[in-house]
Amino acid sequence: MQLLTIDHLAMQFGGLVAIKDLSMTVEAGTIHGVIGPNGAGKTTLFNAISGRHKVTKGRIRFKDKAINGLKPHKIVAQGLARTFQHVTLFKDFSVLKNMMVGRHLHSGYSYWGALINSAGTRRAEAENATRAREILDFVGLSAVADDDASSLPHGHQRALGIAIALASEPQLLMLDEPCAGMNSDETRTMIELIERIRQDGTSIMLIEHDMKVVMHLCDKITVLNFGTKIAEGTPQEILKNPLVHEAYLGTSANVA
Amino acid sequence: MTRKLTWLATSIVALLLPVLCGYDRFILHVAITITFNVALATSLWLIWTLGFISFAHAGFMGIGAYASALLLTKLGWPMWAGMWFGAMVAGAVAVLISMPLMRTRAVYFFMASWAVGEVIKRVFAYYRDFFGGWDGIFNIAPPKLLLFGLEIDFASRIAYYYLALIVCSLIVLAIARLNASRTGMIYWSIHQNETLAQHVGIDIFRHKVICFTVACVFAGLTGALYAHYHTYINPKSFDIWKSEFALVHVIVGGLSSIGGPVIGAISLTIVDELLRATGYFRVIFFGVILIATVLLLPGGLETIPGRLRRLMKARKEQGG
Amino acid sequence: MSLDEFVQMSLTGVNLGLMYGLIAIGLTLIFGVMRIIQYAHGELFMLGAFFLYYWFVEWGLPYWIGVAASAVVIFIVGALLQVLLFRPLQGQNILYPLAVSMGLIFIISSGGLLVFGTTVKGIPSVVSGGTMVLGAFYSYERMVISLFSAGLIASLWFVLQKTTIGMAMRAVSEDPEVSALQGIRTQRIHWIAFGLGSALAAVAGCLMGTLLSIVPTMGFLATIKAFMIVIMGGLGSVPGALVGGLILGMIDSFVTTLVSADVAYIMSFVVIFLILVFRPSGLFGQQWD
């Protein structure tokens, strides 16, 4: 089933054309990679899908519902969550509190209920705390649940970013360079985590520069360069594609 | 534990104040002024939890004041109706203003809110026939209340003090409750990282409008009480300096909990009254306190208990 | 409106606009380089005017040297303020420098009332006479002030574009981290920019001293105007500050003459508000968070 379809997407900022004419689909139950040299438009693509930037032209459909033009919080409510290229957390909150914010869509939130601390609110908060701890356990962060988010090492902060995105219980999770700045041990842990997420039933869209990761995890890969799609296919097909090699010529691509 | 004790102690002192001070009219006047300043500072702090600094606060206080005053002087309606009317008008204006205002970024917001405050004040000054122009409105009589067969005349300072105390306490309680609930968590998360807040499903625009409006409603309510206490208002009562002093109370008191604006408003109002006789030095002193707090005591007065505790601990470890 | 009235208002507008531009450029420079809201900027404008008053009127020293001396003295004052009060707060939340500058307003303006007194002062004109332009009278004094302001702004433009210091300032304004990596001593650029911005405000104060009444509370109005212009033109943009200054000068000149000063005041606020709503970064500004 086609979870996410992108139809002739164009993204333009002032005079700069970041994405020219992009069409692609993401199938449910897959891990779909998006790769390309720096400046190819990958993060811009995520920004367009998540509603962070306004779509210049084209249509984006999620679960057969048009989401381009919607505000980010409405898109998340549809079941589409993401992480960010740079560590994006609530730095002054504890790890658990970060997760509690992430559970917002499942908190049955109402201004009045929160104000009077109704029985329903208290129950929802207790359930959310339990669920939050479960997710922290899932990503391997239970030990640091009560620590300040700012005190975590880089790898843990990235895991927390993913946990927060998982807190909204999305059907599609978009990961923007989850392995950035990681050594081989950390990368291996991250690969295992992403596999577990897929096994748990969440589809994944993955931007990543580390080719080992991409080739290992992805069922299908879309290659971007200069804002357009230059290739698409299985990891094996992409490896053999001369256009892809040409795009990466001059940059050090660690291909296994 | 110490926090709860401090709040309890403060509440007891506040309740017994008229007796404790021997019904001194001047002290009661200062106490009433303190309640107004506490209400203004805490409602301004509510906007800060979202991450915004509003310089329009005095303007909304003015809207509440003028609305209630006019309701009395033109239509003869008592303050009991006027103060809610004033609060509602302030709220309505706040909703209208906040929609375009909340589109601006943090730096521009403070400037835009400044513009709003200025325009509000100038509108009061410009329309002489309706608002009384720069001369203002006179004879804003305090109300009377029939309670259990007893008539309470709020022209009495003791009575007005308890009225102001009750309203102020309700405002502080409401804001404290808001901040402790998920709503407060939402505001602080918007404060720290708007993008992330959006991407966990929080409608940041809606929350910004609601937060700002609630804060301005409280400011309007305070303004109505102010008008009926002083019985005279003019546009100058609600200029930028009032907004600035409220901000000073918040910064000096502390930004991270509701105790901050409360203690800031209480202590600085007292200091201000003590210095009233010194003329220009009063304002200079305020400036010095503000700068000294920011540079030497970051976090404000509310961090003092914590610092003392750490100091004691360090001394103990050294001595033992 | 006749031609000579139009010319009169336009000349006044340009004259005002250039002086507004000086204050605004100073403010936008400080904001651009350090990303702080220097709420007390107008106080340095006031100090500049008072310095010239004492120099020229009380002590009888030469006028133009006084303007230069005022610039130098206020440059030093600005630099000291930056190093002592703002440097410790660099990089923190904008609320803290704002609070410090608010404290400075309290101290400087009330201090001024204490030291200088409340009597209104004025600086007499040094140039007399004038000429007719298209039927309107244009005093030589205004001409000189306009030319001087324009020249100063042009020199500043030259400094920013062609000199090492100027380019360093623009670099720090665009990207402080990369500038530091490239070896620019950002701390030094900070106090230089603060001093320079303050000096520009001081010169504006000197020049306006012959047109306005000089009181210690005149700073706040200058601050308001400067902020309005800078926000209209875009925070950190020097050309924006100049264009914004000229626009505001024109509005003030035309609306004050044709309607009233109060309406001009309200109108300028409304214009700013509208610009912010439709172009949240100002006319020339960049999007920054």
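First chain written, first letter: the chains are A, B and C, and each begins at residue 1.
Everything that follows uses one rule, which is that contacts are C-beta pairs under 8 Å (C-beta built on N, C-alpha and C of every residue); 3 or more make two chains touch, one makes a residue touch a chain.
The model shown is predicted, which means the values in this text are computed figures rather than measured ones.
The innermost chain, defined by the distance from its C-alpha mean to the mean of all protein C-alpha atoms, is B. With centres defined by CA atoms alone, the chain at the far end from subunit A is C.
The centroid of the Cα atoms in subunit A and the matching centroid in subunit C are 47 Å apart. Between subunit A and subunit B the centroid-to-centroid distance comes to 42 Å (mean Cα coordinates, whole Å). Separating the CA-averaged centres of subunit B and subunit C is a span of 33 Å.
Listed for subunit A are no residues, as none touches two or more other chains.
Interface of subunit C with subunit B (complex): residues 37, 85, 88-89, 94-96, 98-100, 102-107, 109-111, 113-114, 224, 227, 231, 235, 262, 265-266, 269-270, 272-273, 276-277, 280-281, 288-289. Of all the residues in subunit A, the ones that touch subunit B in their complex are 50, 52, 71-73, 76-77, 81-82, 84, 88-93, 97, 100-102, 104-105, 107, 109, 111, 114-115, 117, 121, 125, 164-165, 167-168. Per the touch definition, subunit B reaches subunit A in the complex via residues 174, 177-178, 181-183, 185-186, 188-189, 192-193, 195-205, 210.
Considering their complex, residues 48, 53, 100, 103-108, 110-112, 114-116, 118-119, 122, 125-126, 244, 247-248, 251, 255, 280-284, 286-291, 294-295, 298 of subunit B touch subunit C.
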